[in-house]
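Okay, so chain A shows up in both of these, paired with chain B first and chain C after.
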Partner chain A sequence: MTQQVVKVAKKGEDAHSTDPNDFVFHSEYNTFKIIKEDTKQITLLASTADQSFSESHLKGFVPLVTAFAQRNGQSQVFAPNSFDVEAWGAKLGMSGDIKFNYVSSNSSSIVFNFDNNNGSPSVVNIRYFLLEKI
Partner chain B sequence: MGQVIKIALPGYDAFTDTDPDHFSLYVDNDDSNDYILIKEKTNATIEVSGTENVAHNLSYIPFCLVFAETTSGVWRKLYSHPINSSGFWFEINSTNLVLRNDSGTARDFSYYIFYDNVT
Partner chain C sequence: MSSFSKRIASSTDDGYSQSGSWYNSSNYVFTGNGIVSGLRFNSVTIPNGSIITSATITLYFSGGFANNQTLKVYGIDEDDTATFTSDPTGRTKTTASVDWDFSAVSLNTTVTSSNLSSIVGEITSRVGWSSGNDLGFLIENDGSANSHWFDSYDGNSATCALLTVNYTIVSPSSSPSASQSPSSSQSPSSSDSASPSATPSESASISLSPSVTPSASPSASISLSYSSSISPSPSTSISLSPSPSPEPLKFYGLKIAKDGIDVLKNNNPENLKFSSDYGTLKYFDKQTLSVSFDANAGDITGKNTYTHDLGYYPFVEVFTRVYIGSPSGNYEYCPFWGAGATIFYHANYSITTTDITVYGEIDGISTSEWNFDFLIFIYKNDLKLN
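Presenting the complex of A and B:
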């Protein structure tokens, strides 16, 4: 029996191409599905490092999680392993004193970890995506 | 009118909706964007102590996702060299996905390599 394939080539590319980069979609290759998308607002304690915030996901397996943080009232979004501003200087009034250390997950919950070097509490909005099973 | 292939998510009208976030597949030749779906090449879990090279055989730098089991059952998404001294990180070149564990204790790493070229 002939293998059936569904392919959608990028504009200007040949649908018979053998290069996976020429396709928007190719049924022989898995594409990641967003199985959950949500937001969480947290308040970081003043002048405190290594603060963890947990969120239940109820999936029953360890999901692949990607997350982005936004200091309340600011437009910039930052990913884990980064500060909230560019390293070479504060921008647009942001002081760079919040660090999004990491996001991790287990079979029941997600953990977001931050440092706050600011002398006052800071509200941070998180948007996170659960993709597939790790 | 250009060629169109669209698959709407439940609750949205594929004929009238124009927000790509409301579609699982969105292709419209009249739209300047391709809205490419990333394509997985392979994934695996391996134990890493020090440096492990995973050959991807693509001859270009592919998009990758990497996670480390930092404690039993807890998986952390990794990036480039860590700013919090965890010792877990990765880098990608045109030959290998390079997994790094400088923590001094062997850990399981789970990785995904995609066909999508990032350069």
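Presenting the complex of A and C:
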């Protein structure tokens, strides 16, 4: 039985190339499939660190997950582990008081963790992506 | 075309979860605010891999509360789901879901769901699905302000939930494929001229098969650039489009299974290298940016900006290396922080609808010039924030 592949070369590249970087798609390599993508809006308690918010996914496996967060009304979007947002303060327009500490997942839920050092509650919008089983 | 129709057949095959409790012996199945309903249909005699052309659930209202409902239906993503003796709402749900919205039902009338074929198809195409297995649904609230009552098996076994499925049996030998598509035009011939892959262990099997999603446009088409993996065989282009079909709800998807997986019987994304049922990250551009500042001059921060001008917040991945003097060190996933004997250093980035700004900062004692190199991978996936 012959073995066949499906390859889609990048514009200007040779479809016979053996370098996977020359391809937009190559069936010998897995692609990250977006199993689930959604938004979540949370309200951070005032002056409280280590706030976790859980979102159920019920996939039954631990997915690779990534997320981006934006404080309501602000123009910048941040990735997780942006622990230093506080230090940037006004430079990032985040009022120097919110930290997007991490996003994690288990077989049923995603957890988003923030600090809010502001004296008032803060609304944060999140978009998250589940990218296959870890 | 074949049909399957069956009602709930057991007291523990329907019920609802409310406030953390599971109720399966009520005369009613509730839907709506604060409620997740469960319906299980046993002995569903649909062969594995069948094309589901339509699937509906019908509920009957004989009394109780009736209110407008905004619901979302999921399947239970299991080969042969067990009866609902205990709360099933934690079971794994299908990727497919279908909105089911309706106005309050008049007394002694029925309401029929939207087309649930994508849900049923996802379950009946599981590797472990066999004709005669049991199939379950979860109905979640999706914005209803109040609840609605419907007859359960305990209330009236003749008017409890009814599942109706229309389907077409697909045998592997007659299934459309890359070389057997009903309307493929191939120039020159493809499968005959294809050469063996150099690495059989990394081979993939390919199927272009009718999808089970009936809402797609009948005019959908696929273009593939196809080539053998060994030169000098010329690359071949295949254009596939649906033939004029009396069943206008079909469309053709593309699945590529991992080695050893039957692509015709598997929809589990873990077993597929590619599936048109799922989105992917759309790589768009790679950029490099650098940030430098001289701590000896009193500077402890720096930033730099790349203008993407996409007009929306793009999905971005950033890698950074930090060094003093000549370029060195490993790229790390950004944001990150590091530490020296007397210093902390941080790298971060932010995204706007026009720019990506990268930042470097130190915190501590230093008299050196600091350098941050950033590799920025930009995808055209819209974060749709704001």
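Here is the rule we go by: the second predicted complex is superposed on the first by the 124 of 134 C-alpha atoms of A that agree within 3 Å, B and C clash if a C-alpha of one lies under 4 Å from a C-alpha of the other, contacts with A are read in each partner's own complex, and residues count from 1 in each chain.
Keep in mind that, in the parts below, contacts are C-beta pairs under 8 Å (C-beta built on N, C-alpha and C of every residue); 3 or more make two chains touch, one makes a residue touch a chain.
Note that this is a predicted model, so its numbers are computed, not measured.
**Q** First (chain B), second (chain C), both or neither: which does A:Ser82 touch?
**A** A:Ser82 sits against chain B and chain C alike.
**Q** Using the touch definition from the top, say if A:Gly60 reaches chain B (first), chain C (second), both or neither.
**A** second
**Q** See if chain A has more residues touched by chain B or by chain C, and give me that chain.
**A** Of chain B and chain C, C contacts more residues of chain A.
**Q** So, does A:Val8 touch the first partner chain B, the second partner chain C, both, or neither?
**A** Once the two structures are laid over each other on A, A:Val8 reaches both partners.
**Q** Who does A:Thr31 touch here: chain B (first), chain C (second), both, or neither?
**A** In the superposition, A:Thr31 contacts both chain B and chain C.
**Q** Does chain B (first) or chain C (second) touch A:Ile42, or do both, or does neither?
**A** neither
**Q** Jot down the residues of chain A that show up as touching in both complexes, chain B in one and chain C in the other.
**A** 8, 24-25, 29-33, 79-83
**Q** Given the complex with chain A, which residues does chain B contribute to the contact?
**A** By the definition above, chain B touches chain A via 5, 24-25, 27, 29, 34-41, 65, 67, 70, 73-77, 79-80, 82-84, 86, 110, 112, 115-117.
**Q** What residues on chain A touch chain C, complex-wise?
**A** It is residues 2-9, 15-16, 24-25, 27-37, 39, 58-61, 68, 70, 75-85, 87-88, 91-92, 108, 125, 127, 129, 131-133 of chain A that touch chain C.
**Q** Which part of chain A faces chain B closely enough to touch in the complex?
**A** 8, 10-11, 20-21, 23-26, 29-33, 62, 64-66, 79-83, 99, 101-107, 111, 115, 134
**Q** Which positions of chain C touch chain A when the two form their complex?
**A** 77, 90-93, 95, 191, 194-197, 199-200, 202-204, 206, 224-229, 231, 235, 256, 258, 269-270, 272-275, 278-281, 283, 301, 303, 313, 315-316, 318, 334-337, 346, 348-353, 357, 359, 361, 363, 383-386
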